[in-house]
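Here chain A shows up in two complexes: once beside chain B, once beside chain C.
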Partner chain A sequence: MALVSVSKAEKSYIQAGILASPAHRLDGRSLHDFRSIALETGVAPLANGSARLKIGRNPQDGSGGTEVLAAVKLEVENVEGGTGGVDGGRIVCSVSCSPSAYPNISSGALDDLQHDYTDVINQTLSHPSLHPANLGILPRKKSWLLNLDIVVLADAGNIYDALFMSARAALWDTKVPRTRSIEYKARKSGPSAKDKDMVGGSGDMDVDQDTVSGFDTRHTSGAIDFELPDYWDEGEILDGRNRWPLCVSLNLIPPAHFLDATLQEEASASIRVLLMFSFASPGQPTLQGMRMLGPGELSMASLKALIKEGGKYANEMHSALTSKLRDEDLRRNQKAREKFALGNLWVYIKCASNPVLKIITQLARNGLYGRASMEYRIC
Partner chain B sequence: MSDFKMIAFTSFPQYQETFKTPVFEEDGDEMDLDENGFLESDELKLAWPGESLTSAQAYMRGHGTYVDNDEVIASVAGVVERVNKLITVRPVRTRYNPEVGDLVVGRITEVQARRWKVEANSRQEAVLMLSSVNLPGGVQRRKLESDELQMRMFFEEGDLLVAEVQAFFGDGTMSLHTRSLSYGKLRNGQLITVPPNLVRRLKSHFISLPCGVDLILGLNGYIWISKHVKENEREGEEGFDAEAVYSNRNDNIDDSTRIAISRVANIISVLASYSVPLTDTILLEAYEWSVEQEGDPKDLLQDHVGETLVTTVTARG
Partner chain C sequence: MTSRIEILNAGGYRSDGRRQFELRTIEIDFSPHGSNSDGSATISHGLTQVSVSVFGPREAKMRSQTFHDRANINIELNIAPFSAGERRKRGRGDKRVLELVQTLKSTFEPVIQMSLYPRSQIDIYVQVLQQDGGLLQACINATTLALANAGIPLFDLVCAVTGGVHSTSPLLDLTQLEENDLPNVTIAVMPRSGKMALVSMETRLHVDRFEEIFRLAGEASTVIHGEIKRAVKETTANLVDAMQPGKSSAGTNAENEY
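Up next is the complex of A and B:
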């Protein structure tokens, strides 16, 4: 790919450095060192899960490096009616590239590039073996459509690793709203032909109860719609968040291979092997997908050896990323709690005169503030 | 291979929200500029692109601004400056503004009829005419038709070269020349890019560090770091050896030189990220400091090492 041009002299300088023993890379890293990676989750407030990731950013001014932004948005879709919905939900991924990330290529080439990235991400992540269990809402009726959108803001090499890491982080961060199915039933006391109105109050609406009406002759479950039982709740985490795959890009200058290449290094490598590993259990990478980019060729034997090596790198990436994601969860919980404490204080000040709300604030101080403040907001 | 962890994650810096919403004085007479002129005090004013600065009737628009609806509006992000009635915005980040005589490092992007297009971090691509390069077989040789047909023998797409700004065309495009023995194709090293305003005009932009590393500080922010070539071994002293001048092959570079080149490259990127202007003395001091620390070149990329480097070097300078 001609994302960056290097002269023959630069190319041979890089190649000779990689093949030397000990190997020398342009910035002094060893072959299997990554640049530092900055990661933050929950960057898009309106998304169900999001992450921002930057590989190799300059620590002082934050410039340079490969930067991607990933966001997950859930959408309800009908399974019936030819809208493309699938029972149990589906996953659609797309990658778009900011033109400023690739200032030197034409818009047509940019489209091609986006398509390439989308293809790899979509085919890997929407594979049935990785499908999360909790994307269904109503069997055969409604399900969640999970849209994963990734934007490439800057590319300084190793874009595939960045895409997969950000995708994993965003999916890890994703919360699926809890739903509860609703069905309409005839009132037991007195036959009433007309269906119950949704706004008709709680007495009219039976929620997930197994009492079967004598007038109900349908075989299907009566659930025809759903509601969100707890509006303020973010929801439950997406199932199988430990499984999401990571990509290891091995850049080959035979016989050596190296990781986390810069653009110049990528241009100097004859072939790039992308290995996508998913993690059924921690420390157990399973090969989920594989791509080879570039004009070089590779023998089966060396490919096998590379996959084995790649598994090791994937393990290391996995453990580092998981611990970072847990840290991020912790940090955000902390932040949310601080915000919450502030909110409660505000409640207290605002409602000190109102006796009902005084009780709520009392409750809040006794540690039940989750509920209390929720109810307050409803008031 | 190393005891270091292969991969490490960090966090983005958490910025404090220090933006103040501008307070507009509703009741004040906006046209009353004699009393309360624009930017009269010595305060530092930053502008965003599209930000309205002042009235166009009372002030003139300078660089980095445009007039719309009788208002002077910033077209770049940067510092607002005022000289009498002239308002300019000095951009935070800018491309290279060429001047005749500047030394630049550029990359060939296109081979055209009797000319090469050169990318040199300027607003437009520079032009290198076939008539302004040294041709093989003597400096004073006339150019032939055969030269036109084999232009890729001299420079092809992707090649890096060092050249001087010779003149400007009517549309502001710069024309380069390499008619000197010290100019021409680059090899035996690596390129590093810094903001162009960090490269000051020096007595000489060819710097030889005592560690066996040569530096070419292009005024366009492209810096070539390469293995030192002895003065008497330079190509083309006598007879002008075209093979060597337009060669794509690197010499043998030993490990210590490679490490030194990486070290210099990392020092430059650290200094550039702290916006330290690059001069030969600062680079030399930084290199000496870095060698004293007895670390690998890659250690320089760690935050605290970079910070110590910058404080040490700027304190001495």
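Up next is the complex of A and C:
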């Protein structure tokens, strides 16, 4: 299955470039440079968390590059009844590829490819060690099923890194709706109630009272259902948002390895090592998964060295991505606040026409002048 | 009754604040998806968003699918699982997907000048990103735009619009909420010839109402046609500007205008 075809000459040219003493690649990057990455969260309005990621997009017209769309949707699931629900929630990931991402392969091959991607993502992200704590709703009754769906819109190389980064961003963005459990309690039958109910005259019969035994230490919750309380935000953030793993694809043309390969470079590399690292605390990567793709082979010693190197790259990726995600959080919250503030201001302008100039000058100081004046013109 | 969302309130406004005959905002984006598609377009009608890439005319993957006198049109449709309110993963063999593909195919086969490209194939890949009613309409309009962007000769720009009726008052460009509750019809028009490319109705509609909706939807499609035409002309003008050799002055003028 060839995603892209390279000729022998092209292949050897790329390999020679990588192995040359100042290494050179087709687009002028050094061996461990990434292409530019663009990330946006909150792109799917109907999802609980979503992200769009592009690697190596042409800055002029937005064409080219790898483009991936990830979204998280939560569903309520019954734990009992053989529906597949698990106490404490579960995570199911799936990757689908748009045929426009792989225009030259047949639909059967596309299915295989989707299956390959799904397998890697699913096995890594639904691992018990990464399981978030707040996916349960009612113990042994109901829980959240977290569906992570990733759509590959375009592939220009380094798809695994893109998949994991977008998955991390979407999971970071995920909000779990708040729930409140409901409990139905039978009315305590006090003496007065008993008197009232006594119609049939069987009141003086000895009835076994349900008393709680002191030896029963089982914790049983009487909650049988739950409701969604009205609250101002979309819910609490998904637990363990710092832990979600990142993937580092090391492309090998022994003895050199390089990062963020384009499709041609991927086809020229003899072997590709995928290393999935998660971060319990920043700066300390834990190896969460590993794959080797391609026909080449690797010695134990060099693999060990690669894992060490990979950890270093993962660290850099992690800190860069985390700061971007924090930025993105800030941008969306601030934007929402600003919009809200402007909305109020707009009403104010409408009501009193006199102090308009004063407000606009005030806004100019705050750097909001453009939007304010535009809105003013409209009204 | 009070807890239900009113489709059309006493003031004549719909649930999303539109008037009866008001269309949702249309956004058209020609920026290419995928590295090497021949033409692509993303259209959003309000919150419904569809992206289409066109490849071809090119050699068919399977020789047996080709025709000796005309091109073969291959349409594949992919609905993102998170696009609707309830998550649903639809594969390629899903009935709804197959039906949509078949409808698109029969709409575009008479419009594309297929006889110009014998023994070749035109691939149209439709990706649904968000759904909020009017899915078929968005698919048709996006495909028209992508085909025009790919430079494939068309007899006409097909424009589609949805119409529905709430008791006796007709509505245009329905959202999901309205589509679930009202009888609705999607029509696609070829504005130059004034012919219909498609009339699709899955609900029951009183025969007396049909005529009015049909006429209104026809008028609305001319509005959509205007938008599509404007977008196509704009990109084509940019392309022509960029292609003219040694006319750097035109480029700087254009820059000054922005």
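Structure notes:
Note that the second predicted complex is superposed on the first by the 303 of 379 C-alpha atoms of A that agree within 3 Å, B and C clash if a C-alpha of one lies under 4 Å from a C-alpha of the other, contacts with A are read in each partner's own complex, and residues count from 1 in each chain.
To be clear about the criterion, a contact is a pair of C-beta atoms (placed from the backbone, for glycine too) under 8 Å apart; a residue touches a chain by one contact, two chains touch by 3 or more.
No experiment lies behind these values; they were computed from the predicted model shown.
The superposed arrangement places chain B and chain C in clashing positions on chain A.
In the superposition on chain A, A:H127 contacts neither chain B nor chain C.
Applying the stated contact rule after C-alpha superposition, one finds that A:L31 touches chain B and leaves chain C untouched.
In the superposed pair of complexes, A:R332 makes contact with neither chain B nor chain C. By the touch criterion defined above, A:K73 reaches chain C but does not reach chain B.
Once the two complexes are overlaid on the shared chain, A:G17 sits against chain B while remaining clear of chain C. When the two structures are aligned on the shared chain, A:D61 is found in touch with chain B and with chain C. Of the two partners chain B and chain C, more residues of chain A are touched by B.
Shared-chain residue A:P45: touches chain C; no touch with chain B.
In the superposition on chain A, A:A9 makes contact with chain B only, not with chain C. With both structures placed on the common chain, the touch criterion links A:M317 to chain B but leaves chain C unconnected.
Put simply, of the chain C stretches 145-153, 163-171 or 199-207, the part that bumps into chain B is 145-153.
Once both structures are placed on chain A, chain A residues 61-63 are touched by chain B and, in the other complex, by chain C.
Contact residues of chain C toward chain A in the complex are 31-37, 40, 47, 51, 53, 55, 61, 76, 78, 80-85, 87, 89, 92, 123, 125, 127, 129-130.
The part of chain A that touches chain B in the complex is made up of residues 5-10, 12-14, 16-17, 20, 22, 24-40, 52, 54, 58-63, 259, 313, 316-317, 320-321, 323-324, 331. Chain B contributes residues 1-2, 4-13, 107, 109, 157-160, 185-191, 248-250, 253, 255, 258-259, 262-263, 265-266, 269-270, 273-275, 296-298, 300-303, 306-307 to its touches with chain A in the complex.
Residue ranges on chain A touching chain C, taken from their complex, read 44-47, 50, 61-65, 67, 69, 71-73, 75, 94, 96, 98-101, 103, 106-107, 147, 149, 151, 153-156.
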